[in-house]
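Next up: the structures, one after another.
Here come two complexes built around chain A, the first alongside chain B, the second alongside chain C.
Right after this comes the complex of A and B.
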């Protein structure tokens, strides 16, 4: 039963002291020092309750906090909530808040801020939060340090939706009754996190100073953190080589530079910190038109692609070949069949069977740099080898968004985060209700299967983990058979850092959620 | 003179307005809009999210209404607001303009001074080894892709020798002030400005050399020689002064491009200038910022055009302004 599992998790989490979660490093942490890292591209805002792009989260995650954090197995850990209970029927969540927490403007953080953030602020600013709140009946604050969330029906993913990137706690006394998007406080973010904004020189750098009133005793260790804005990938690599910066967060440099930089003396590498996002890459196949409307044609595409080679050559072996719609690090993943080994002969057989006429396909690469461009070229070669001619249609980010949201493509690269639970990050890509023109972040391929819709709905609200697992296993089997999209790889963006930097990644959300516990070995 | 200036100012204002309207139409013809880009960056978005953004940006209104709103604000000097960056466009541009002007003017002066001096020397030693060496070096810098030259300069002077900072406008979060800060900025300025300056130098070398040689062949130079003037005086007072007009024309055109012309260098050296602002705005379809930068850039081109006309008159009093 969910309740038993959840209670056990809650008990373990509550028993864990925060010091234990931060004590990943073997040696005694040293206080002081400055950490220099790269942020790319420059964030548009640090108010992560409104702006949720990757760079904003990387920096803003040290200023704002969520109720919970998650370890690498996505088990909840205390953050602004020190403990929590989930009722037997899965309908009531009770959170007990840390005491003595203040916002960086000196005002206390209380349950009133949590209720405001959940019921008002995020409902206005974040589409993801609106979806999470659908099964929620009410959020109340019986006292200053207790928050009670009641559900209309059980919704297992809720407990994994309270991290800083999904639900950062914002100050009610600053935002209540104002226009959130244009509130001047967005430029001077006020959070409860370990750092506060000291200076932002647009186009150059962002400097955060340690929050002197931070609620976790003895933290943060660092005096300040400086994020350098360096727009050119080669220059970012140089910045690391000259140690102007000592951390290159995942995705900061082109993949072909990683082996060279990683081999340097005193450079450490970690793939940790992406467990929550669990980025999965695939090619949308426009299911609406021939020959892509034929399941066998889509299967042929899967067999035609040498994904092992793509992983090895383009991604230096970082990551994994994807088996299906759910990333293997996410709960409820199941290694089910069919999977698609590289088998060009089988692809040719399938194409012959359906009488494919050799129609040329348009392929839209992802405009995110060299690796993605080369990836499209490899796919083009692979498909050409089995007799599918492909024309690559390059475009910029805005053009890519336009074409995919208007369904103007045959094949299109993309990757999306799975956000800790299939109900949040996976279902939206395959269920019929998410087919909507003008939006590039839903069921863009146009796949529709009532059985799949039913299974995803059932899995989200099933009262026990076992029932959820059964539904997800079945849906994975169906999707892997139908191939609505061509899954490529479970992406991994290794972080490179100077080995003197300790405790860089201590949560499933990576550097954006860990710098409070980072320190520099002298 | 006053009539001339007033007439030109009216002309400049009308051209600016026309350019702005044209740019507005061109930008809106590009696929995609800022709401979609921002939704894409957020990683997921429901229809409400995109609709809200479009309403906020005014993109839900008919094109002609959007154009009228922009132009009527523009006429009062208001360049609009960047919802993406949450700042007024004029503030964003003014924030970045000093860095761009510093880099561009330094590079401009380096290319102009080195180019003219090298061109004069090359002309004076026509056909000799030094002439060939100057021409070859200048062309070499011009023929090398700018970003590659920049990267090589960083590898040599920053990574290998450690003499220069690899990137940036100043040492980040250093708390330096006064003279120390100025010296720090100057140190950061050397590599980008020299690389950009050497790239543009070639055109000045070529045009100065050609123009000097042409003037040298004219009768009045022979007369000067016959009068027994010293060759250096002839070259400086008579030949160079007459040969400089094409250089002034080129410099005028070049100066006008200062604002937008350094995108590559600003990118490689992480220089926080207008070029990068423009490029990033283009990528994200931040219409107001893009239009603002185009307008400032166009205004500078027109202004330098005017300055060039005045310079002609100073250099050559035979030219009258009408």
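Right after this comes the complex of A and C.
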């Protein structure tokens, strides 16, 4: 039964993709229409220079833009920057801005806004940006349409840090000299993007209208975009079936529902649009306490888990079993050994070898819905099978944050974004300078290895890609041997949409960064 | 006693209830022997419909876990929570109600205000809050259910005690110099036992429902297989796999019905005059 559904799904997906490509070749986009989609949960704010969780970025990405966009291979594409040059020594980045760009309040967008955003605004609002600016010496604006960034040392990842979600360009004339976090303009976002906020009915919907003065000629195609707030997963599925909404962004329905919805006629699916975030799931293993402080015990956990089965049953095969710390879709991934196949016998041997006393472990599931709860149950059974008793703890989002940030856990589920480059999204989870009590992200497991610290530092600032690759390959080997955390799967959140919707995902950042080019076939 | 049994038997529904309860009891006792592996083990293909594979007669859930095994193991939890929480709430409600009814005056006022305080909060909402405050576990569920369900017991006891208080045999006991405590425990409580038993059987039913509802909402003990949990986990796939939620739903329905029928039967048997009048 399962396999027929899977086959049908594959057949339909194939048919859809053929239709989509041939459609694009022959048909010209038509203007007009309204796109209805789901946003889950409701964002708290649309000012994505301050609020950066998923739902805010999904909606805010149609209002704000970054200097660059990225294709599915994470190669930079023009956005607010028309073109750019990087000097031979990797120390000077020159960006040429688009001309005639205005903010939605009518004020022109110039290099002044870029300098303000990079040097003042984001430095105050985002800790991640402060880390990116570490190697930057200065940002200057020689004229209205040129921005020059000079580096203290080469920092390759910089060119992949200018997307809308990392560095959205905010208007200097609105924010300069104000308290950013409490500026009333946060409620009426002013950006350069293809859409502007028309109405936000809290608890119900967010409506965006086309920006009539958008700088890209002829865009956007749509008249309005409406994001519906539907708090229940089953109701979201129903809303899609009845076409109240025609797009279900990744993660908005339970995985079990995806094959059923995808098999319906006229429904297309795509797994694209997550290449930049490259979400990787793992379990934090608290490296500080016995028996988890022993690397053989951690390896035993890896061998005990049937991750192939988890992927198949819990995620309907969407995604990929993770080999190590770097997701296979982002640059500098290398398929190195050791990797961990499902081998409960080996796990038992390792536990025998270290004389594990059968101490019970606490397991903290991620409170993000059914799939994650089921996942914890599967891990519990897997570990029990090799003789590690596990007690699942109940938790909510606040409790999860509290326990992980206070290091009060044995095993804890999580997933993190890799943000386009290992220097930005991967290193932070393993280097010792990121061990900070009170932070539920970064190096929560408490792993500390001077060699790893050194390699990550070297890889980030190495002038050539070859040298960076060499360092990342070595660090992957060490981490995969040490198992600081138990990597689970590279997550994939397929997007379901009505096949009449065209050009839905055109960047590595997915729907959040693509709706300017979306159109509806009549 | 034989008279009690004859009257109880006279109520057909009560006998049916007793039979259902016996089945559930047997299931909970023999579950570990019938299903030697854990109900959490993935034993077959996920989403297996009932009747397709004889090793999983009631089908499997989203992960391939045996629904029948889950039902058998869940029976124990439902009964455990039902009985223990009822006993706990009787232990709170009986002394409070008896004291209020016997002593009257300001004792009555204070105790009844406290009871009312608990009565005005919608009990299920209150139970959710309590479970959420303590971490969800079997113990916290039992405590929460007991805390929200004792006020009717106190009310009932107070009324019974007040009506008994002025009977001659109580006055005689008072005159013979027995203490208030002795009078309540020796003279009054034995005479209130029948309505309390009837009420308790209904309370067990309510407690099982509340436990299922809490587990359904994900507020149950995550390490314990219970009927409410199976329904909650199957809710999102109702359209693909009705059987996951259906069978535990039927189990809850029948068990709760059984306790209500038994309660009726007990009522008839313990208050024969009332039963005759009705009949």
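In this section, the second predicted complex is superposed on the first by the 496 of 522 C-alpha atoms of A that agree within 3 Å, B and C clash if a C-alpha of one lies under 4 Å from a C-alpha of the other, contacts with A are read in each partner's own complex, and residues count from 1 in each chain.
Criterion: a residue touches a chain if its C-beta (ideal position, glycine included) is under 8 Å from a C-beta of that chain, and two chains touch if they have at least 3 such contacts.
These numbers come from a predicted model, not from an experiment.
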Applying the document's definition of touch, where does A:224 land relative to chain B and chain C: first, second, both, or neither?
first
If we overlay the two complexes on their shared chain A, which of chain B and chain C does A:374 touch? Say first, second, both or neither.
second
Per residue count on chain A, the busier partner among chain B and chain C is B
Does the superposition put A:342 against chain B (first), chain C (second), both, or neither?
neither
Quick check for you: in the superposed arrangement, does A:256 touch first (chain B), second (chain C), both or neither?
second
First (chain B), second (chain C), both or neither: which does A:234 touch?
both
Could you list which residues of chain A make contact with chain B in one structure and with chain C in the other?
234, 396
For chain B, which residues count as touching chain A in their complex?
30-34, 36-50, 56, 83-86, 92, 95-96, 99, 151, 154-155, 158-159, 162, 165-170, 172-173, 267-270, 272-273, 276-277, 280, 283-285
Contact set on chain A toward chain C in their complex:
1-2, 233-234, 254, 256-257, 260, 309, 313-314, 365, 370, 373-374, 376-378, 380-381, 384, 391-394, 396
In their shared complex, chain B is touched by residues of chain A numbered 34, 36, 41-42, 44-45, 51-54, 126-128, 130-131, 181-182, 186-187, 198-199, 201-205, 207, 224, 226, 228-232, 234-235, 238-239, 241-242, 244, 395-403, 405, 416-417, 428, 436, 438-441
Over in the complex, which chain C residues touch chain A? Could you list them?
38, 40-42, 45-47, 49, 62-64, 132, 135-137, 218-219, 221-223, 233, 235-240
